[in-house]
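Quick notes on the structure that follows.
Note that the chains take the letters A, B, C and D in the order they are written out, and that residue 1 is the start of every chain.
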Amino acid sequence: MKYFQPHSVEDALEIAQTAEATFLAGGTDLVLHMRTGKVQPSGIIDLGKVSVLREIKITDGFLNIGSMATFADLGKSELVLRNAYALWQACQTMGSPQIRNQATLGGNLGNCSPAADGLPPLLALGAEVHLMSAEKEEIVPLATLLGRTPLLGQETLIRGFCIPLKELKSGFAKLGRRRALAIARLSVAVALEVNENKVENVRVALGAVGRRAFLSESLSQVLSGQELNQEWLEKGVLEVQRIVREALGTRASAPYKRVAVSGVFREALESIITEGGIQA
Amino acid sequence: MKSSVIGSRVVREDAWGKVFGQTKFPADVNLPGQIYAVVIRSPHPHAKVLGINSEKAMSLEGVVTVLTAKDVPNNSHGVLFRDQPVLAEYVRMVGDPVAVVGAETEEIARAAAKLVVVEYEVLPAVFDPEEAMTPAVLPLHPNLRPTNVLYHMPIRRGNMEEGWAKADIVIEKEYSTQHVDHAFLQPEAVLAYVDERGHMVVQTATQYAHYDRGEIAHALGLRFSQVQVKTLAVGGAFGGREDISLQIIAALMARYTLRPVKMENTREESFYSHSKRHPMKMYYKTGATKDGKLVALEAKIIGDAGAYASWSINVLRKSAVHASGPYVIPNVSIDSYAVFTNNPYAGAMRGFGAAQTVLAYESQMDLLARKIGISPLEIRLRNHFKVGSTTATGQVLTGSVPLDQCLAKIAPYLERGGDSQ
Amino acid sequence: MKKRGIGLGCSWYGTGYGNGFPDVSSAFVEIHDDGSATVLTGAVDVGQGSNSIFAQIVAEELGLESQDICVYSGDTDATPDSGTTAATRQTYNTGNAVLKAVRQAKSSLLDYAAHKFSCPTTEGIELKNGSIGVKGDPSRQMPLADMVFQARLAGERFISAESSTARSTPVDPETGQGAPYWPYAFGCQSAEVEVDTETGMVRVLKVVAVHDVGKALNPTQVEGQIAGGVTQGIGFALLEELELHEGKIKNPALSSYLIPTALDVPNIEALYVEDAECTGPFGAKGLGEPAMLPTVAAIINAIDDAVGVRITSLPATPEKILQALAEKKRGGEC
Amino acid sequence: MIEINLVVNEKPYTLNVEPSERLIDALRNRLGLLGTKEGCGEGECGACTVIMDGKTVNSCLVLAAQANGSVITTIEGVGNRRSPHPVQKAFVEVGAVQCGFCTPGMVLSAKNLLDRNLKPSETEIGIAMSGNLCRCTGYDKILRAVKIAAEEGAK
């Protein structure tokens, strides 16, 4: 196996174009998969020394997050706290401190497990993904990208994520079996705008319900343009349960998840209302 | 005057080495020239080994040898019966070791282990102990028992008819517990070598070095005086290091190769190479008078022993003896069974059969209390053992029986706060 | 909705091998020329701290500090067989063997000292603070080291080997009647839980554990055993389950076989009752296994107290709790 | 083989490692730093925790090559019998050590917390220690020891 450790994005892309190699982000998934033999790359491009990929900054109305920003970086970032509260929340509970210190948001997308903690918040917040290869550069809405199979070409690098700064209130909740080192059994991220007493542009994303995290169109329709009250919440609960029922069909986990999702959904919304992300 | 050492908070001497990372666990010892051994385990729960072809594995550079059942002088071990093979020709559970590869490095040994081809004749297997008990199912250990019922313990006390006649309230319920793993933090590891005296030295983490010595000596045909088992730091045990795991296999490899042999389980291998807590099915029928006195208990407890006997007899005996809970019940009929299946073998684990029955007898107590209309504490106060009480086995408790003092101490904590909504 | 409840669990546990299985422990003790001592025993310290307990026992008897005692264990070339570290038997049983052994070595030492101090019997001789002397007579005292060294010059050594066998008698195989174990250790625990009625998640908020230890030889270790036992009990009650498919373990990994983390463990109040067990060393009983027993019951009873459902199969997963809640809502028996 | 440079416990090393070699293997097998333990091999138990560039990581999930250029602290680099780190002293005195297999990782997680945060709250302590599994102690005394070490350190 060949090992490359480029120091710039350009070098990384060039290696990717010329060598049979897999990008290595934090490694918390890839190193494990290599060990178990699930993945056997003939080469590795370690992005750990490309410092520009770790940047978290605001430019042109977007919160830009480099793909190599770790969950710990994000969970400690004031910018993320203010502008992407749901993501910030997700970063507090993902894995363990050791995992958060190493795992990156780009790696979370690259590995794209159904339970990936970072994806529902990014979906709800309307994040776009900045992709680069030696030949092409594109910015794709995450929701669109998650519809592609395969997710990424081998030579495609996740440069970063762009979250539009839209004064969104957002929240996240995850259901695991234990309180740390927990793989999400269900996760819900919600983002919305509040105009006077009405909620607009509600975006709800679900994780661990199916193969990949997804954004629910129907929840958006049911919940947008309404008054923020108990009735609104209960409507959302019914709809989210319906979506989970539909998405999971006859899977063994369905009977539990379609009920339990109500609690997770409620918690995600409560985190908007009480902790707000509202301060910003 | 100096205060007593007994009863004082003496600091453990071993703690210092542990906080500095100096303490040697078995994975931390090595010898020059050592080889690594890796076990090939059965993927089938019940099978005959028809043949083992190690040609391909042997052709890998760095492979020293592959050993199988025919290389073990006395191919058996076990705490109560020697019913467990060191290397199996007849497999009774997934994970039974069938061969072991020795190689210059761990990497080579692991690669070679994948190249050993084992041909099995897969046999029908049974996983449900209640099904395994029926005469239709062939016994897994015909030399030991004619059926899969390894053990039955009855406890009979008083007169059940009279007991039920006195019972104003009867609660009948089924309870069940799961397979549990010890999940000690340190996976099994061992270093075995023949030393300058010609003695077999085995450094490992075990709960009982002297028992390991006997098992190794038996399997290898050595005298106790020729085998030294030296316990290094033990990274948790909880019963999971009672039965022997890698020790004999490593010693066997060391004897054949005359090289120091190191073995380290991965976590996955660890799950397959030690016992489990017995899952139990518990059928309980408990009767009490309306003033909350227990008068009768009928219980049937079925423990899944899995593929080998290990400590199952003692575990299910302990279940039966403790099935009443710490309460006086004059009329008792308890039956406990240990049953062979093709599940992972069950053995010792913290609580040893008495951990499962707590679920049943304490649930019954709460259910009875509710029906009678007294508090959970009250029903226990009316029935618990005191000095002079007689247990279900007829044992009179003399000496220290301070459950009353324990309950008095906990009572204030049972006051309920408000519900948080 | 999150609802809280409190549950109580009691338990008992017969320690030792039981049922007539010979339950023997052995120990060698040597008192050194400088007044320190070594204990050799086969009893393996698996992390629970038995070596430290044995040091305390010997130190107490010889009027020394724990650090004056070397405990070496679990090496078949050097130590006598002391049985397995299981059945909650090492503090009690090997503790007794160590106590017998040190008392035997001490007894020859006292004989020698009595002679040295011109006392007709050993009754007035005491070992205290590293000294040996005549009780109440400050003029006839000497450092223990001097006494042992002088003894060596006189050809006397203080070395002993002892065994201790616990009470263990078989029951009648037909009726189960008899006295299988001794001693029994008792305990009770309360658990306060919070149950989320929507997700079925149970959070253990507080556990109070009260255990009968006979005599706490080392309170720190008693508390450690209790907290560790309670935590394994929480795992047993709520999290841990080997999933099998045709005998194959589907979750042979710590990422799928879940044990409690630091955040899953509540505030644990570890209390104990000291009611001396006359057959135990200094009145002590074992605690290792008993510490985990009542936890399961306390949690299951607390869940019922919180939401009115009776979970009868372990672990009490969120799935089982939601299912039970749904059945209860439908008016089914619970 | 790739050449990497590491500073481990304040000593510089140049090592030739396999591309697939994990940091834990390099530390244990090449540098003989056996205080770093492997309990699960999947970043779950935290027994292999080391501090890399000021952050705790599971050394079983880091390739040695990824650590190129890093500054690493293993348990061997934290305190000794003559001058134990306050965390080590508190662990011993409080009784936070039983079997001791998780202890090196626990000590490093605690040390790293106190390096960053002199006065951690109980919640912060719990979170900081949540990536290290322990099967013996029930965590109670471990969390208490960290708290005591923090109080000692703050004095």
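Going forward, contacts are C-beta pairs under 8 Å (C-beta built on N, C-alpha and C of every residue); 3 or more make two chains touch, one makes a residue touch a chain.
A quick note: this is a predicted structure, and the numbers were derived from the prediction, not measured.
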{"item": "Result of counting contacting C-beta pairs for A-C and B-C, higher pair", "value": "B-C"}
{"item": "Most widely separated chain from chain C, with each centre as the mean of CA atoms", "value": "A"}
{"item": "Between chain B and chain C, centroid-to-centroid distance (C-alpha), Å", "value": "18"}
{"item": "Between chain B and chain A, distance of the C-alpha-averaged centres to the nearest whole Å", "value": "43"}
{"item": "Whole-Å gap separating chain A and chain C, where each centre is the average of the chain's CA atoms", "value": "48"}
{"item": "Intercentroid distance (Cα basis), chain D paired with chain B, Å", "value": "32"}
{"item": "Multi-chain contact residues (two or more partners), chain A", "value": "96, 179-181"}
{"item": "Where chain B touches two or more other chains at once, by residue number", "value": "9, 12, 14, 183, 233-238, 267"}
{"item": "Per-residue multi-chain contacts in chain C, two or more chains", "value": "46-47, 49, 220-221, 229, 232, 253-255, 259-263"}
{"item": "Chain contact graph, described as a line, ring, star, complete graph or other shape", "value": "other"}
{"item": "Pairs of chains, among all present, that meet the touch criterion", "value": "A-C, A-D, B-C, B-D, C-D"}
{"item": "Chain A contact footprint on chain C (complex, rising order)", "value": "196, 198-201, 203, 239, 255, 258, 260-264, 318-319, 322-323, 326"}
{"item": "Touch list for chain C against partner chain D, complex", "value": "46-49, 220-221, 223-224, 226-232, 253-255, 259-263, 265, 268, 270"}
{"item": "Contact set on chain A toward chain C in their complex", "value": "96, 175, 177-181, 183, 255-256, 259-260, 262-264, 266"}
{"item": "Of chain C, residues touching chain B in the complex", "value": "1-14, 17-19, 21, 42, 44-47, 49, 51-52, 55-57, 59-60, 64-67, 71, 73-77, 79, 81-87, 128-129, 171, 173-181, 183-184, 186-190, 192, 194, 208, 210-212, 214-221, 229, 232, 235-236, 240-242, 244, 246-249, 252-254, 257, 259, 269, 271, 273, 275-279, 282-283, 285, 288-289, 292-294, 296-298, 300-301, 304-305, 310, 312-315"}
{"item": "Residues of chain D that touch chain B when the two form their complex", "value": "33-42, 45, 47, 74-76, 78-81, 84, 87-88, 91-93, 95, 97-104, 107, 133-136"}
